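What follows is a group of structures, each given as structure tokens.
Each of the next two complexes has chain A plus one more chain, namely chain B in the first and chain C in the second.
Up next, the complex of A and B:
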């Protein structure tokens, strides 16, 4: 019950946050110089035609009235119209969201199941060769720009060695995508027992996931390591060791569990941060996700999709933080809400 | 401490195993057979084309796509893209961004234009030709029949009669008869945009009653004035014929709804139809099996969206795509030496102008503008910025348009420029105000060329500030027709006609593009006006030349260079020919 109340409170808090974000994106995109109508109506357009179109689209009204209209539409789930794709933004984002989700989630899972054991190992075997290896890996992951990793992977793994599919989207061109249930190709193809589509989409998602998880891996490993080291120096761990409890039990049951809290916080942050990295990965791998859509819209001075993308991203970010808070209680019973 | 710990690298090994297992799952072979493509947007009704030709499961439509064959992945089993099957009947093109909005009356994006020209027919076309360097181009003086099997112009150039092919059908089976063609143009008249402008202002068709349906297959246009370029306008992809009846029936009640429907559907009669459109992923065109003309050899044409330019190049070099046309110039020159690739660089009718604010003090002093002209490092810009692909402009009208005459006096000569400044009364640039140069963002050649000019002007003692503007902001800026406007204008005529070019760039204008700096000269206006209606080719050429000479002495702008249109394709793709609109006609192409 309290949990529910807490969640509800947080969700209500979302409203002013999103309102603030919508104000910022709306004013920013509308104050920027350049009227997209000049592109829409071709450079040959006469001044009076542009004026007429402005009136028709309501762009001649004062900014606060336009914002009011925007807000009203927003309440109906209408994020506006994308001139570039000639479709409603909500529809566009809905269609692209699963592509983004699939890569981000898989990358996070991969980075977590590799990162936590590696972090634990490097803490337990501090200053050993495996610790150094992890250090090199994490320095690399933090310092190499994500698009560079992507480009290098494409160049060698696809172009030179032919070990990966071409960076041309989510599935091979001659394989029809699975029937849409969730929009996640891997899940949908499993649900419909479409093994052909499953293999092809797994083959295509490999490099994007690897690229993104490489960047996520570093902070997870480092934070696990530091947190482990800290907990390993506490009295109760020393006591457990002194009693001669099995080492695996001490490490994974007593130490790791207590060391996990900061790791969870950081995973939440990483997920939020990776929404930015995801944009780059999508551009490098021609991945038809939200990030690619936003970049394309920015390049074409199409503002509604950009506003929509920012709003959706912000919502995701807030929701992730909520989930992280809820997870705390699950991991550490001492924390109550 | 504890000796029961797992082997030192236990965790490492575990992680590596994980990575490997993921990789292995990933590397699992994708199928080599070609499953039935989802026909989501098959043009409705009677002769649904996809049905008649069963998706050719036997001949793997996208052979270049096949990932490594069965078994575990190994470098030796790399796909062999060059070993295409006997008949290559599919074409794959990598493009940078989403394509959408294929309504001829409202298209604003050139890749959408390419889809339009392949899914619709225009009344007429240009005949083939070869230019002096051996490039396959079109002969702009020879208009040939297309949807109209014959056409006729009255001697006074005011009445044009088109006789239509009687077997041409829209994708839904409706006949393309005179009434349908008229309905199309009435629709254009009611749809604001470039097409409407071309029809009313360039073709002189302003009202529906100027079009008469003589009989089922004959349509007559009656113009208020003689029009020597009417047929050229009719060749434009914006004048392609849509099925206006179908749009009205299916598009919805309001004009807005119909416009949205028309942007997302094709209703033409062309050799292809849009089979699938996956936003952000691809657009698939399929050959129209009931096409009235010659059946296209490529049965499937796929546009794959690949935003990254380097990736598009890698895909082309690996044979995973057949065509790439958005290539950075530096990379294009490297492709020209690649034996697997045909890289075509065809001279265009485009010109890069440098507008020099001739209508405002102190730039209205001719000597000052001449000094600017001599300070531009033409050859360096062509060599370093366009990688030698462009040609120095010798006039304001490019070679290839009737009436071109060498009138550009400028070469790079700093001494002469300094001398001219002294004569103008501004020795060492003293007394001249700072230039604000408006640069369009996202066009690397223009951005770089501006920097070269900036450096040279600094040597004259003239300061030039480059102010980059995003595309929309730039368009807004130029349409304000600022009298002291400094900046580039890349002009490529929509209708390949010199008078049309001169009208838009040098005719006195207060709105619309492209006379950026409000240049105005009654003599020029008079010559252009006369040329607009002049049917006699020799006289028209005379007007075109008069304007060039007058502009050369007035100097509202300085022409820099004519760029090439660059396209690279695998060397087994045949039949490419350059159209002035740069669009590919897939029905003319085939594979070796």
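Up next, the complex of A and C:
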């Protein structure tokens, strides 16, 4: 009950942040240079035409009225119109969202499964060769630009070794995509028992997921390692060791469980940061997700989709952080509400 | 005021004593081989960037269709791109561009962020509240995506990248400075300065900020590597410097289309130099963090 009340309070606190986000995206489109009129009209348009277009778009009204209209449209799920695809931005983003979600989630799961055990090993065997390996891997992971990792993987795995499909899309050209249920190809093809589609989409998603998870791996390993080291120095772990508890019990039961809390918090941050990395991955692999859509819109000087994308990802990020916060409260026994 | 002046040592002396205070830390830094490797990398990269016009064997913009898409050879150490331009020369000139982008962006962010943070931390109350809430909103965005949105509005180009990368880094510097200033308020030397009749300005600029410099400098080093990554990523998606000019991110992007057919050198070499540079800054920042964060020191 108290947890519920606390959650409710946190959700209400979300409102000013979301309003702030909308003010920023509104400012991007309406206040800063790059007047939408110059994009819509030819440079030779007459003064009357400009005026008429201004009235039609509501640009003659004072800014706060324009913001009100913008906000009202947002609440109706209207993010504007994409001139490039000739469709509402909301429709476009909705259609591309599952592709982005699929890669990000798989990459996060993979990075966590690999990163946490490696971090633990490296802390337990501090200054051993496996520790040095993990540390080099984590410095390398932060230093290698994500698009370079993608490019290197494509070169070796696809071009040299023929172990992966070409970096073009979510599924082979000659395989019809599975019936849309969730929009996640892997899930949809499993649900419809469409094994050809499942194999093909798993084949195509492999390299994008590896690329993104390589970038997520480094921070997860590093935080796990540091957090483990910190907990291993506490009195209760020393006591557990002094009582002669088996080493494995001390490491996994006493140390890891306490060390995982900061890791959970950081996963929210890592996810938010990886939303940016995902854009780059999608460009390298021509992955038809939201990021690729935004970048293609940039290249075609169509800006409404970009602002829509910025708004949507910021909202997702804020919600992820809220969920992580609530999760943290639920997991950490020391936090009583 | 005269009394205060006598308390103030000369600038040279205060820098010397500031360093002296960290003698042990510098000793630890020198002993860490990784930090030294990082330092060597950075010095080499900076020299390469500064002397690019002298070292570069070709003009980075010279188009030569006869030698397009050639692999690494004795004539072209890093090969040529699809216009026949020499990649080594372009990488060297790109190093110049990227170094200047990263340095300007981080410096700008540090100056604005430290000012904001110091103001918020020192004045507290309304100023603090407003500044912090504004920073909350900036940080509610995933940083790179916000940079993307802003760069679109400002229009692509080198100065845009500097402003945008600086903008997304302001919050880190502001928060750090604010927390340092807040703890400096409680220190004895602040009290003493106030009793001696120092003005607010003198307290902030002459007493508090010099004492907060270490964590801010560590953050400066950490931010450099992010600045390189963000600037190159923005160029990679087409928001960076304009085409004929060379830049790491846009050079990698230019080569992406050729990877699937095996022309790896176009993307690989600019990416490699970039990764090495970032590695250098990360190693140094890591070394500093280990030494100056007593919790991690052992």
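We take it that the second predicted complex is superposed on the first by the 298 of 337 C-alpha atoms of A that agree within 3 Å, B and C clash if a C-alpha of one lies under 4 Å from a C-alpha of the other, contacts with A are read in each partner's own complex, and residues count from 1 in each chain.
Assume a contact is a pair of C-beta atoms (placed from the backbone, for glycine too) under 8 Å apart; a residue touches a chain by one contact, two chains touch by 3 or more.
Worth saying up front: this structure is predicted, and the values here are computed from it rather than measured.
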Check: In the superposed arrangement, which partner chain does A:167 touch: chain B (first), chain C (second), both, or neither?
Finding: both
Next item on the list: Answer with first, second, both or neither: which of chain B and chain C does A:154 touch in the superposed model?
Entry: both
Check: Touch check for A:21: first (chain B), second (chain C), both, or neither?
Finding: second
Item checked: chain B versus chain C, judged by how many residues of chain A each one touches -> B
Note to self: Contact-wise, after the overlay, does A:273 reach chain B, chain C, both or neither (first, second, both, neither)?
What the structure shows: second
Note to self: Contacts for A:203 in the overlay, against chain B (first) and chain C (second): which applies, first, second, both or neither?
What the structure shows: first
Next item on the list: In the overlay, answer first, second, both or neither for which of chain B and chain C A:49 touches.
Entry: first
Checklist line | Contacts of A:313 with chain B and chain C, given as first, second, both or neither | finding: second
Next item on the list: Pick one for A:58: touches chain B only (first), chain C only (second), both, or neither.
Entry: neither
Notebook entry, point to check: When the two structures are overlaid on chain A, which partner does A:84 contact: first (chain B), second (chain C), both, or neither?
Noted result: first
Margin query: Counting contacts the way the document defines them, which residues of chain A are shared by the two interfaces, the one with chain B and the one with chain C?
Written below: 32-34, 151, 154-155, 158-159, 166-167, 283-284, 295, 299
Note to self: Quick check on the complex: what are the chain A residues that touch chain B?
What the structure shows: 32-36, 38-49, 52-53, 84-87, 92, 95-96, 110, 113-114, 117-118, 120-121, 124-125, 128-130, 133, 151, 154-155, 158-159, 161-170, 172-177, 196, 199-200, 202-203, 205-206, 209-210, 241, 246-248, 283-284, 286, 288-289, 292-293, 295-296, 299-301
Checklist line | chain C-touching residues of chain A, taken from the complex the two chains share | finding: 16-17, 20-21, 23-25, 28-29, 32-34, 139-140, 142-148, 151-152, 154-155, 158-159, 166-167, 226, 229-230, 272-273, 275-277, 279-280, 283-284, 294-295, 298-299, 303, 306-307, 309-310, 313-314, 317-318
Checklist line | Touching residues (chain side chain C, partner chain A) in the complex | finding: 133, 136-138, 140-146, 148-150, 152-155, 225, 229, 232-233, 236-239, 249, 252-253, 255-256, 259-262, 264, 267-268, 271-272, 274-275, 278-279, 282-283, 286, 295-296
Margin query: Touching residues of chain B toward chain A in the complex: what are they?
Written below: 1-2, 4-6, 8-12, 14-15, 18-19, 22-23, 25-31, 33-38, 60-62, 65-68, 73, 75, 78-79, 92, 94, 97-98, 100-101, 108, 192-194, 197, 260, 263-264, 278-282, 302, 304-308, 310-311, 314-315, 317-318, 320-321, 442, 469-476, 478-479, 504, 511-514
